[in-house]
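Just below sit the structures, each encoded as structure tokens.
Each of the next two complexes has chain A plus one more chain, namely chain B in the first and chain C in the second.
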Partner chain A sequence: MEQLSTLWQPVLSWMNGNDIFTPNTFEMYWSGLVNTVHLVFVSLVIGLIIAVPLAIARGSSNLWIRKPVWFFTYLFRGTPLLIQLYLAYYGFAFIPGIQDTWLWFFLEDPIYPALLAFTLNTAAYTTEIFHGAIQSTPRGEIEAARAYGMNRFTMLRRIVLPSAFRRALPAYGNEVIFMLHASAIAFVVSITDLTGAAYYIYARFYAPFAAFLFVAVLYMALSFSIQGLFKYLEKRLLGHLKPQS
Partner chain B sequence: MLDLHGYGPRLLEGSLLTLELALLSLLLAVLLGLLSASAKLSSSRILRGIAHVYTLVIRGVPDLVLMLLLFYGGQIGINMATDWIYSEFDVDIFININAFVAGVVTIGIIFGAYMSETFRGAFLAVDEGLLEAGRAYGMRPWAVFRHIRFPLMMRHALPGLGNNWMVLLKTTALVSIIGLSDMVKVAAEATKATHEPFLFMIPVALGYLLIASVSEWCFMKLRQRFDIGFSSGGSSWNN
Partner chain C sequence: MADTSIPLEINHLHKSFNGNPVLNGLSLKAQKGDVITLIGASGSGKSTFLRCMNLLEMPDQGELIVHGEAIGFKVDRKGQRQPEDWKQVERIRARLSMVFQNFNLWPHMTLIENVMAAPVHVLKMPKAQAREKGMALLKRVGLSERASYFPTQMSGGQQQRGAIARALAMDPEVMLFDEPTSALDPELVGDVLHVMHELADEGRTMIVVTHEMDFARDVSNHVMFLHQGLIEEQGAPGDILTSPRSERLQQFLAPRY
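So, the complex of A and B:
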């Protein structure tokens, strides 16, 4: 215990010696980090759940099922996320009389409109990724499934989807990192995410380098951990596709 | 209805600014991409190291954070530099970083990193023998690049270039956050004033889709241009 406090002494005196990296601002950065991770994680999970049926529908032979899904992904991939965020944020808030309904409980907090925009956006990108992976299922696997007498649903569940998920893994890893980076715009609708915390500290102390460089390093650490995680998953799940030496 | 509460002309001006910004950043990004792709393939370890760190950092940091850093930090950094020059050499310089320059530079730097990967692959796809043949004809390095390497590598680079351009176009929306009056900013201001988000946001979204469609057509034409002489282009007998 004695040793620990002597070890901490220089850190504490350094923290007292400057205005910007104090326990107070670290608390801000921490809650910003929690907000960012929360926002990204929830929208990725819900987006993933929406994307799987949409990706199957996207490859349907029925025009009336295929085209609407294509239109959805086209709209959300073709326009900036910032516009989608503004639409979700202002689109509901300015409906007359909405403040008296139960919906206002969700709309009062900017996190719900932001979640809506992020979820739909990532769902659109993920749909296209999975669609591509499903389309590239080797013919032989499908023929084998048919030869076993599987019906369409069983084939989808046992053969097509598991192999498509594995092939989609690298592209999906990129989408996760893209979502983490895109979430930085959440601070324009007054959510104090990591970028919002940095902006606050920049405005308070007029110290752009200390504020923005610090969060840049944090974002970098997050990105590389995600990348590392997906590399590990690829090695575990895609090992059988590697060229054998 | 069509004059959008008087915001119509400003929205149009905003869309021109978006286009201008996107094209200038694309130019910078292509230049930086070509430079750092060459650096990655060079024999100098230092150049390779710099180029790799450049792409690594850009991939890890959100565009918006870089933009804020450059816009707010760049001014302070330049002020410090000019103050130092003033105190040392008694030369008074004043450089003002405006939002437009900060936007072009940031987006150019970010997409330069993505372009460098595209161009690196395309450089490698050009047959070394063709370059050797050019040198054997006594061409200078620049002539080899301009007449042999560039036309051949563009064929491989165009798909990646097209993708990067589409992402770049949407990234320009971020400049509205640092105060530039592009179409997103005008629409956001109009929304706050009139409380009619759909009236302004949907035309802007359509504007982005329109630019995307037009550029898709341009890339198709470019692809046809660079595919001349290869069997995949048009109606050749073995298709």
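So, the complex of A and C:
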């Protein structure tokens, strides 16, 4: 115990002696972390839920179902997320009369336009990832399902989707990490996410390196935990694709 | 009048791919317990013929009757022949099991899950019952200790025996085999043929596309030799394999080295 406190002593005295890493700034970083995780998590979950039916529709043989989905993904993958964020944040305000409706309650707060832009963006990318995985389902798996009398829905639910989701997992893991990093632009619409917190502390103390290096480390820690999660999932769900010695 | 005692009857089947005729009016009648082998050079149409039987390929013309129930067809707006009622096709497919050249087990499921999938999701059999039945079938084909393995963790011969167990789980009225041993290493062929031999002995109706002449001779009771989408010669294996009449079959059966 004695030893431990002597070890901690320099750290504590250093913390007391500097302006940048204080309980106050840590609180800012903490709320930034909470905001980032909240924003990314909610948009990923909703985006994922939207992407599954869209990915199925994207491969439909019906032109009127396929084309609108294609257009949606084309639009959101063809423009920068920052522009989408700006449009969602500033754009709604210009809709005549919207400020008098209940919708304004949501749109006034930057978090909702940001969630909207992030959700639609990740939904577009995820749709394409899943669509690719569905399209690359080996023919034999589908033929076997048909030969055993499965109807389209059963085949989709029991054979095509489980098989495709597993194959899409590595690419989707990338998308999740991309999304985490892309969320760093949320601070431009005055959301205090991690980057926002760092920016504030940088501006307040003019200490760019301390502030940005520190959030870089936090982002890295988040990325590694996401990677770890996906590695675990891949090991559990993709073990069957590994060639055995 | 339709005879309900005949498991499978096919009349005058035609099929072409992009204008190239592949099947030119083939007929087949499988009585209960028949083991019919389809032989012929590659490109003779034997696999296509088999795949038309459960409508994995859509025949352009011809009649398909399963236990007296004829499959209805219509022509869609693009001029393509389609089944009148996909539900009927699904129902009939569930009564004809297919075993594929490349096994086509579903790779994300374990072996027992593969065997249970169609009974549970198509026939709506309770899971516990399907599992019990599946385990018994895996035991039959000598794979009980592989039940929780994924297909990639098994040899080709094991996968194919697993695929046969999957086919048996449907209690099929006719089993369709599409070159079941062609993708196997020579030393694994025997196990699969052994299982098929047993199935024939217990009186299952089977239609087998194969290059295994020994199997055709020893196990089947009817051999059809296809050439250019037509039945060139057919009959009991003892007759047509030992004394082929047509020149083409003589050539086909002649030793190659």
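By definition in this document, the second predicted complex is superposed on the first by the 232 of 245 C-alpha atoms of A that agree within 3 Å, B and C clash if a C-alpha of one lies under 4 Å from a C-alpha of the other, contacts with A are read in each partner's own complex, and residues count from 1 in each chain.
Going forward, a residue touches a chain if its C-beta (ideal position, glycine included) is under 8 Å from a C-beta of that chain, and two chains touch if they have at least 3 such contacts.
Note that the structure is a prediction, hence the values are computed from the model and not measured.
Once the two complexes are overlaid through chain A, chain B and chain C fit side by side, free of any clash as defined at the top of the document. Rounded to the nearest 10, the superposed model shows the Cα centres of chain B and chain C diverging by 100 degrees about the centre of chain A. Of the two partner chains placed around the shared chain by superposition, chain C is the only one that A:146 touches, whereas chain B remains out of contact.
Of the two partner chains placed by the overlay, only chain B lies in contact with A:83; chain C stays clear of it.
Of the two partner chains placed around the shared chain by superposition, neither chain B nor chain C is touched by A:68.
Of the two partner chains placed by superposition, only chain C is touched by A:163; chain B is not.
In the superposition on chain A, contact of A:228 is made with neither chain B nor chain C. Contact with chain B, but none with chain C, is seen for A:180 once the two complexes are overlaid on the shared chain. Following the chain A superposition, chain B and chain C show a smallest Cα-Cα distance of 18 angstrom. Shared contact residues of chain A with chain B and chain C: none. Only residues 57, 59-66, 68-69, 72-73, 76-77, 170-174, 176-177, 184, 187-188, 191-192, 195-198, 201-202, 204-205, 208-209, 212 of chain B touch chain A when the two sit together in their complex.
Put simply, chain A touches chain B in their complex at residues 74-75, 78-83, 86-87, 90-91, 94, 177, 180-185, 188, 195, 198-199, 202, 208-209, 212-213, 215-216, 219-220, 223-224.
Here chain C touches chain A in the complex through residues 54, 56, 86-87, 90-98, 100, 102-108, 117-118, 121-122, 150-153, 166, 170, going by the rule given at the top. Those residues of chain A whose C-beta lies close enough to touch chain C in the complex are 140-141, 143-151, 154, 158-159, 162-163, 166, 237, 239-244.
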